[in-house]
Every structure is written in C-alpha cells, then in structure tokens.
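What follows is chain A paired twice: with chain B in the first complex and chain C in the second.
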Partner chain A sequence: MTIPSFHLFVQTLILGGLVGGVYALMASGLTLIFGVMRVINVAHGAFLILGAYITYELFQYFKIDPIASILITMPVFFGAGWLIQRYMLSRIANPEQTSVLVTFALALVLEGILGFIFQTTARMVTPSYTSDAFIFATYRFPVTRLIGFGTALLIILLLYLILQYTNLGRAIRATTQDPRAAQLMGINTSMISAFTFALGLSTAAAGGSLLSIIYSFNPSSQADWIARTLSIIVLGGMGSIPGALIAALTLGVMEQMTSIVVTLYWSPIVFYFFLFFTLIIRPQGLLGEIIREKG
Partner chain B sequence: MNSKIWKLVIGIALLSLLITACGSAATPQAPTAPATTAPVVTEAPSATSEPPIKVGASLPLTGNFSAPGTAAQKGYQLWADMVNKSGGLLGRQVEFVIYDNASNPDTAVADYERLITQDKVDLVVGPFSSKLVIPTSEVAAKYGYAFPEPAGGAPNVFNRGLTNIFFAQPAPSVDQAIPFAKYVLSLPADSRPKTFAVITGDDPFSVSVVESVQKLLTDGGLTMVLKEVYPADTKDFSSLAAKVADKNPDLIIGGTQFEDSVGQIKAYQQAGYQPRGAMFTTGPSLPKEFSEALGTATEGVFAPISWFEASTIKTNPEFVKAYHDKYGSEPIAEDSANAFTVGQVLQQAVENIQSVDNAKLIEEMHKATFTTVVGPLSFDALGQPKGSFMVLQWQGGKIVIVGPDYAKQADPIWPKPQW
Partner chain C sequence: MKKIRIPAPVWTVGLFIALLAAPFAARSQYQQHIMVMTLMAAVLASSWNIIGGYTGYTSLGHAAFFGLGGYLVAWTNNRYGWHPFISSWFLALVVMVIALIMGWISLRTQGSAFVVVTIAVVFIFRLLALNLSDITNGAKGLTQPRPGWAGIPWSPEVIKIPFYYIMLALLSLTIFVSWRIRQSKFGMGLIAIREDEGKAESVGIDTMMYKVLAFGISAYFVAVAGGIYSYFFTFIDPSFVFGIFTSVTMVLMAILGGRGTLWGPILGAFIMAPLSDWIVGKFGGSQIHLAVFGGILLLVMLFMPQGILPTLIEFLNKRAKARNVSAGNPS
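Here is the complex of A and B:
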C-alpha cells in the first residue's frame, strides 16, 4: 500500500477518467441492444476486436488514420448488424433466453476466424502521435487517450440525441418500454430491433478503433473486453446509457487508482468487489429500472 | 415449416463453423514439411538409404513470445540446413518437426509429449524462455531425452534436480545483467545514478535477472525508490508509468520480454518520464522488432546480450553469412543465434559419441566443451553454462556492444538522450 502524492492522485484520476470514456463507448452499444431487445450480445467483445483489426489493416496498408477509419468501420458494422439481426437473431424462437447461446457462438466463430487470419500475436495501431501527451498545469493527457475520450463522448452524445429527439429514437424508447404497446401504436418493432442492433454494433466498430490505439490486442482479447463491458452495463443498470457512462468512468478510475495504491494485480479484484457490493444494495444497478416480467 | 428448415440450416452452418473455428484455434500448426524446408540436397549420396534424424521442438511462433520464438525457429532451421548441406549428421539428414505453442505452457507440454510419443523424434530441443522451458523440460526428462535449450535461464530451470537440461547461452539469467550493474557502479560519482526503480513482468526469467541487478545496485549504494511486479499479460502501463514518473528515478530497470518493453517505454513517453539510464532484459536485443515498434525512442537503451553479429568468435562468421544468404540482410536476432548454438551443441555431442542415444548424449554434454557462436560452452552438473554476458546499447538506431572490454565496439552513452 502506498499513499499517492496529490499530484499523482490527480494524474491517476485523469488517466482513469480518459480511459473510462472509451469504456463507456464500448459498453453503450451493448446496453442499448439489451434495452430494446432484451438480448445480451455476447459477441460484442469479438466485434470490438474485429473493429480493432480492421483499423489496424487500414492503417498498415492504406495509412488511414485510426480515428478517420471510424467513418469506414461504423457503416460496415451497421450493415453487418442489420443482417445479423434480420437473418439470425430475429429467427430465434425465444430470443430472451436463447440469444445468449447464439451470440456466444458468434463470438467463438469470430475469435476462431480472427485467430486463423491474424494468429495470436499482439497488435497495436501506432500513429505518429502515439507517444505524445498534452500538458495542462503539469498534468499529462496522453494524446491517444484524449482523442479516444473525445471521440467516445461525441458518439455517445450523438446516440443520446438520436434517442431523445428523433422520431426514430422515440420509437426505440417506446419499444424498450413495452414492445407490444409500441407495436399497437403502429411502430414496426422488428425494424426497430434491426436498427438498434445495427446501431449497437456500429458503436462497437468505433470502440474497436479507439481500442486499437490505446491497447494492444489479439483475438483472445475479446474475452477480456466482453467481461469488462458486461460488468459496466450491469453496474450502470442494464439498458441505461447514462448508467453505462457513470459505471465506465467508475471502472476506469478504480482500475488506475488501485494499481497506484496497491498493484496492478488488484485492479480487477477491487472492481468486482465494488460491483457485487453495489448489486447487493441496488440489484437493478446504478441507473437501471427494475424489469417486471410481462405476462 | 419453412422457418424450421431455415433454423436447421443455420444451426448446422453455425455448428460446422464452430467446429472448424475451434479446430483451427486449438490444433498446433502443422509440422513444417521436411520436403519444402530441406535444401535441394535430397540426393545426398550417402543419406539415401538411412532414415533422417528427426529433431522435435515446440516454439512460441504466435502470442506474447512470438518475436523471439520466430527468431529461434530461424536459428534451428538454419542449423539443420547447414548440417544437411555438409553431408548430414552421422551421414543422415536432419529433419525438424516444429509445432506452434502460441506461448502457452500447457500447449508446449502437450506438443513435447506428442513429439516424443507419436512423432517419435530422435532428439528434442527447447522452446523460448524459462516459462515454457520449465514445464517442457520435465516431459523430456520423463522420457530420458536430453534437453538443450536456447532461452531458459531462470533459477527455477536449474533447481528441480533435472540433469537433462543444457542452457545454450553464456550464463544463467541471474548472472546475465551483472556486467551492466558493474558498468553503472563504475560511473564517476558525479554522473552515477542515485536512485532506481525496478518494473518487471511476473515471469521467472525477467524477475531473476532484475533482482540480481537490484541486489548489486543496492549493495553499491544506490537507492531503490520503487519496485513493481505486474501480471504477465498487462496491456495498460499508463498508471505504472505515472507512478514511476512521480518518483522520477535516475535509472529504470525493466524486467521484460518484448511486448512489455515496448508498452513500458511508450507509457513512459506519455508520462513524460525521462530517466538518465534504462535497461530492459529482453526486447532491446531484438534488432528489427524493437526499432520498428519504437523508432528513435530506442536511443541509449541498454540490455544484456549473449551474442552479437560482428563477433569473430570461431564459427560465428560462417553462421552470420549463411543466415543472410537464407533470410536476407535484416540484422540477426540474438535468439536465432542462441537456437543455432543449441544445434551446434547437439551436433558436436552426437558426433563425439557417434550415436543419438539420449542417455549417452546427456553424459557427453556434461563432460565436453563445445565450439559455438557464443564462444566455448561447457555446462555444470545442473546444466548451467559457465560464461559471461555482454552489455548492448542502442546507438544511432543500431545495437552496439559497449562492454565488457574484450567485446566492446563503442563507448557507452551516458546519460541517455530523451525518448
């Protein structure tokens, strides 16, 4: 145990907060999909890694900046998400129970294919600004994390605006609250589901691009990331995007702070302890609503 | 009806995809086909009637150790080529069977079981790094196989009562960085560092190297301001780097393989930490990968090294020439040389006793002195080599030997430039 100096304490808060923003983006798609469809997309982590690999390849061969490549990966993932929902998930008889199996299978298939193509060597995208840091009042903001944080918040904000202020968003929220009632009001809920899944996957594309400049990754990293993002949405409250944001920032700060005060070994332990503790007191998560089973 | 058929089709498609996916992920890489890898001497006159001598190895060709693992594979393959071109071993061709263990100790153990019991190889050679050598050497010992290996020098390699291990580098890992520690302590008082930090991955090799440096430096009057052992698969070094930057030690000692040496340095750059000296156990010794990953940030970084390309020690010039003929002009990694050394030890032991009987080989390897690219090599009863390492430093984008005096190519730069 070491008590950090004030400067180190603030610096750690900054690092944790920056990384938490990126976690939030990664988790937002997962929580959105769950909110509308009651489907836990276990393949979310695998799609993050797929996004990271596409970003890596675009950077290696076409020198496309990892942030710019979000403009390519997001539409591609949107399309893929639409197809997966329309032709795979929507055909499952009892999605709330069996979709976990299907998406788990999807995760394993993706990991297998990525492993076959890219092997298990750890990769990282290293644009010229990788080692730069922006300095403000002696505190350092690593450029990659600052960009990651900014981009993540921008996309989450866009997502929030779509959900709050567009007709489409209203339809999505209505479907979240009560699919049957929404259907009776003339909302094409199956289209809404496909759109939501596609939207959720496209945030995974952006998350993957940001991941690729901050962390090294290989195909099996998907398991770490699905564990992390699932914990975030459980803590934040399943289906709540603001909840995911708060939980992600909490996780980010806790991880970094624990490694400063104790060691890196303790980071996951402390977070999971906090998660269990929260769930005992507040089973629905920080901002979640209690879901009533509808007859 | 229709939808049921669809479900069935999708189900079967998914299942078959799953099976193939799992299959490709779990099965080790197919053994390198001897026909394609062996040189064009298939009509070696004396070798036609005799079956080849099969040598087995499992290497980390993917995963955390893939950079050094791939380098080791090149060394092994080159040795086999050179032996085969000069008429083979005991008049028989040498054929390698190599599996990829993805840096996973469990896979490596299964691979050696398979090499010995199913592929029935005549000889085995070791994988890369102590973490994999420790469990796999037990397999070799169980079947009575000699286990010369290129990269397992941690104390735990030698303290398990095994007699079949032969570590083909000049010194065990606890002794590898002694020349560097001596160099630091030899600096004049006004430029000698006063504080240092030890940041090491939780790996038997790295920990043993840095802890012996730690002891020598502390005994020499330096103060250790921070010591951190991080999990081997750590990807995010930012908080560690912030902690190091906060203490701002004069000297940083990193216990690293390859990925984490790059991860640490990048995080130090972001954290604005500029030490006056830096040493990493493995990573800087990889001439190509290290500079590709870090560019100019390599300048002034130190590492212990067992071998260097320009060395004129007996057999080394031949090795260097053959390497470049086969693999091109890229600089040679130390790990390739270490793997080649394993081949040399094995070859000379086999020729000395004119047999591939493993029991006799083990006996011979304990007795003889071998001519290798890292110098004359002999082993004590535990298989520890009895020599010394050198100190390398990155200067002008290249590896340069800066000590000890007998191998020196240039004077060390101290303090190091900013990274």
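Here is the complex of A and C:
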C-alpha cells in the first residue's frame, strides 16, 4: 500500500476519468439493450474485441486512422446486430432466463474464431500519436485517452439526442418503460428490439476502436471487458444511460486509484466487487429500476 | 406385440458392471484417459444439476468450487503430504462451507442477476489465485509429485486405473445423492422453487434454506472432482480452473442431456466429454474448440432447450399415444 501524493492523486483522477468516458460508451449500448429487451448481452465484451481487431486490421493494411475506422465499424456492427436479434435472440423462448446463456455461447464462438485467426498474441493499434501527451499545469493528458474520451462523449450525446428527440427514440423509451403498453399504442416492439440491439452493438464497435488505441488486447481479454461493462451497468442501474455514465466515471477512477495504491494486478477487483455486491445490496443500482423478478 | 419393460434397477446395475470392466476393454492409455475425463464430466454435470436443474438457478460459478477443491488438495499434498485420494473428500467439505456462505449471499438474486453474480464469483477467485502467489504460485499454477501410494509412484502403464475407479466411486455417490434428493421432500421443495418460488414459499417451504443447501451440496461433488483432477494432471492452472469456460461446460452438458432430470446431465457428459477431447486433439492448441463449444450450446439453446432426454421421452410418449389411438383404445 502506498499513499499517493496530491499530485499523483489528481493525475490518477484525470487518467481514470478519461478512461471512464470510454467505459461509459461501451456500457451505454449494453444498458440500452437490457432496458428494452431485458437481455443481458454477455457477448458485448467479445464484440468490443472484434471491433478492436477490425480497427487493427484496417490500420495495419489500409492505414486507416483508428478513429476514422469507427465510421466503418459502426454501420457493420449495426447490421450484424440487426441480424442477430432478428434471427437468433427473437427466437429464444424465455429471454430473462436464457439470454445470458445464449449470448455467452455467442461470446465463445466469437472468441474461438478470433483466437483461431489472430492467435493469442496481445495487439494494440499504434498510430503516430500513441505516446503523445498534453501537459497542462504539470498534469499529463495522454492524447489517445483525450481522443477516446472526446469521441465517446460525442457518441453518447448522439445516442442521447436520438433517444430524447426522435420518434424512434421515443418508441424505444416507451418500450423500455412498458413493452405491452407500447405495443398497444401501435409501436412495433419487435422492430424496436432489433433496432435497439443494432444500436447497442454499434456502440460496441466504436468502443472497440477506442479500446484498441488505449489498451492491448487479445481474444481472451473479452472476459475482462464483459466484467468491466457489466459491473458498470449493474452499478449504474440496468437500463439507465445516465447511470452508466456516472458509474463508468466512478469505476474508471477507482480502478486507476487501486492500481496506484495497491498494484495494477489487483485493480480488476474494483469491478468484481461492485458486480457481486451491487446486485445483492441494491439491485436497482444508482439510477434504475429493480430487475424484474423471475416468474 | 407385448412390450418388454426392463426395470430401472436392472439396467442401472448392468451399466455399473459395464463401467467397472470398461478400463480393461480400453485399447490404449489415451482411451483410459478419456474415460476418466468422461466420468469427471458426468460428476460435474450431475452435481451442477442439483442447483441448476432441480432448483432452476443457473450458476456459472461452479468453476470456483472446482478450482478451490483442486488448489486445496494440491497445496496440502505439497505441504503436508496429504494423499489426494483421501484429502479430496474432506477438503471438499471446506469448499462446501465456502459455497454455503457464497450461496447465502448470492441466492438473494434471481434469474439473470444470479447468473451475473456467479460470474463475478469466478472472477474474484481467479484474481485471488493469480495474485496470492505465496500460496498459489500465481499464474504458473501448482504442480504435484507423480501419483503413487505410500511413497511409491504408480507405474506409468497402469496410472490411469486408480483414477478411473475413484472417479467411478465419486460418480456413483453423486448419482445416488442426486437420486435420493429427487425422491425426497427436499427435492420436491427444490422443484417447487424452480416452478414458482413465491408459491413455494407461501406453502411453507423455507426457500432460502433449501436453495443454499442445494447450492452447497452441488458444490461439494464439484470440489471433490476438482481435487482428484489436480492430482490426475499433477498440475493446476488458475486461468483454466477459475475460468467461466469451465463453468459453461458443466452447464452445456447438463442442458444438452436434459437439465432437471436424473440421467440427462450424465448423458450430456458422455456425449460432450469425448467429443470435446476429440475437438481439442483435432485442432490442437488453437482456440477453435471454444467456437465449437459455443456453437453447440447455441444450437441446443435455440432448437432443443429442453435437452435430449426430455425431448426423446416426449417423442416416445407421443408415439405410444398415437399407437394406442390407432389401436382403438385411447388412454
């Protein structure tokens, strides 16, 4: 245990906060999907890693900047999400009970295929600005994290605007609140589910691209990412995007603090701890409703 | 034609005798190895079924108990020379106590929330195993000396045989306990909890007590298997034993055969364990076996969520009924 100096403390806050913004983007899609469909998409982590690999390949072979490749990966994931919902998830009988297993199976398939293609070597996308940083009042702001944070907030803002001010967004929110009533009001809820899942996966695409410039990754790191994103949406309240934002920033900072105060190796404990205890002590999280009980 | 029914005890005993003789029918050590792994898989699936099948709580946390059993056995063997064939049974009781506490905390949640909590349990134990390296040797895992008895190692030609019989003993005990539970008032209570927990509680079942007990019992056999496994391989790898994949294989085997039935998980294990060994052998060190496993799980969940055994029974019943109707004596 080391007690950090004030300077190190603030620096840690900055680094944790910046990465927390990226976590928020990754978690927003997951929480949106849960809100509408009551499906916990355990494959979210695997899709993040898939997004990261696509970004890596685009950078390696076509010299496409990792941020620009978001414009490619997002539409592709949107389409994939649409198909997965229409042809797979909509077929399962009792989604609240079985969706975890189905999406887990999907995660295994993705991890297996990625492992087959890319082996287990850790990769990272390294554009020219990888190790650049701004210095402001003696504090370091790494460029990759700044870009990640900015891009993430921009996409979350877009998501928020779609949800708040478009008819589609209103329909999504209505379905979240009460699927049956929404259906009675003439909303095609199965279309909304497909659209939401597609939207959720496209945030994973963007999240994956941002991940690839900040962290190194290999196929099996999907498990770490599902733990991170799950604990964020659980703490923030399943289905709540503002909750996810607050929880992501909190956990991002706490993770960074733990890695300074204890060691880097213990920092994931923050996520596992909140994942375990939030559901038991406060199932509704910070801002959200209690997960509908079974039966 | 008169239908000949073979009474259940007869084919159970027949199967048991066949299993007793099986290792001598094996043509190679490799086949014996697969037999041991299959029996172990059957123990895991059958034990998981007590909480996951009868009670309806899908635990993805059982890898934690498997790993804990393995680590305790490996550690006490190295430090005090406790023989794993004996210590596994006792050390699993320690794991069972841990499981009872974990269950008492985590069984407050239901449905998907419970699944997520149990995933967190596995992650927490993996982190502990990786980081408490004074005890666990960190990411390198623990090794044990070559298996033997009273200081004399078993000769390599017959080394699989003792493991086969101890696994068979463990499997018999697991099936016996699972069967007794199924027959008992306790088992009826568990099934009632699965069908409707609120109603079960309102007719006077102490649901929390029942669930926690089922969780503990189900962890016990998994932990014994973990202990024997660590000795069989003389090596335990934290990322594998404390991996969600280890939990998922138990779930997959139980669901494939038919969760909630006595024999379904055994059937699932006897299909999946040799198959997975074949897949790993065929594709070597690559990760493609994950994809095959995930693909099978996906197909089962989508097209046969009840599992093989219940689907088969339903089909046979339907056919028997149709035959009765055509013979003019409706049931």
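Note that in this section the second predicted complex is superposed on the first by the 277 of 295 C-alpha atoms of A that agree within 3 Å, B and C clash if a C-alpha of one lies under 4 Å from a C-alpha of the other, contacts with A are read in each partner's own complex, and residues count from 1 in each chain.
Keep this in mind: a residue touches a chain if its C-beta (ideal position, glycine included) is under 8 Å from a C-beta of that chain, and two chains touch if they have at least 3 such contacts.
If you're wondering where the values come from, they're calculated on a predicted model, not measured in any experiment.
**Student:** Quick check for you: in the superposed arrangement, does A:Y265 touch first (chain B), second (chain C), both or neither?
**Tutor:** both
**Student:** Regarding the shared-chain residue A:P283, is it in contact with chain B (first), chain C (second), both, or neither?
**Tutor:** The answer is second: A:P283 touches chain C but not chain B.
**Student:** Go through the superposed model and pick first if A:L275 touches only chain B, second if only chain C, both, or neither.
**Tutor:** It touches chain C, and chain B stays clear.
**Student:** Which partner does A:G115 reach: the first (chain B), the second (chain C), both, or neither?
**Tutor:** both
**Student:** Tell me which partner A:A107 touches in the superposition: chain B (first), chain C (second), both or neither.
**Tutor:** A:A107 contacts chain C only, not chain B.
**Student:** Looking at the overlay, what does A:R91 touch: chain B (first), chain C (second), both, or neither?
**Tutor:** A:R91 sits against chain B and chain C alike.
**Student:** Applying the document's definition of touch, where does A:S99 land relative to chain B and chain C: first, second, both, or neither?
**Tutor:** Touch status of A:S99: second partner only.
**Student:** Examine A:A227 and indicate which partner it touches, taking first as chain B and second as chain C; both and neither are also allowed.
**Tutor:** In the superposed model, A:A227 contacts chain C only, not chain B.
**Student:** Would you tell me the residues on chain A in contact with chain B in one complex that are also in contact with chain C in the other?
**Tutor:** 88, 91, 102, 105, 108-109, 111-113, 115-116, 119-120, 265
**Student:** What residues on chain A touch chain B, complex-wise?
**Tutor:** 4-5, 7-8, 11-12, 15-16, 19, 88, 91, 102, 105, 108-109, 111-113, 115-116, 119-122, 126, 130-133, 135, 140, 142-145, 214-218, 221, 255-257, 259-260, 263-265
**Student:** Going by the contact rule set out above, which residues of chain C touch chain A in the complex?
**Tutor:** 58, 60, 105-106, 108-113, 115-117, 119-121, 123-124, 127, 130-131, 196-198, 243-245, 248, 251, 255, 286-295, 297-298, 301-302, 305
**Student:** Could you pull out which chain B residues touch chain A in their complex?
**Tutor:** Interface residues on the chain B side: 3, 6-7, 10, 14, 17-18, 20-22, 24-25, 61-64, 66, 102-103, 228-231, 234-236, 238-240, 242-243, 246, 259, 263, 266, 269-272, 293, 297.
**Student:** Where on chain A is chain C touching in the complex?
**Tutor:** Answer in residue numbers: 38, 40, 88, 91-93, 96-102, 104-116, 119-120, 219-220, 223, 227, 230-231, 234, 265-266, 268-269, 271-273, 275-276, 279-280, 283, 291-295.
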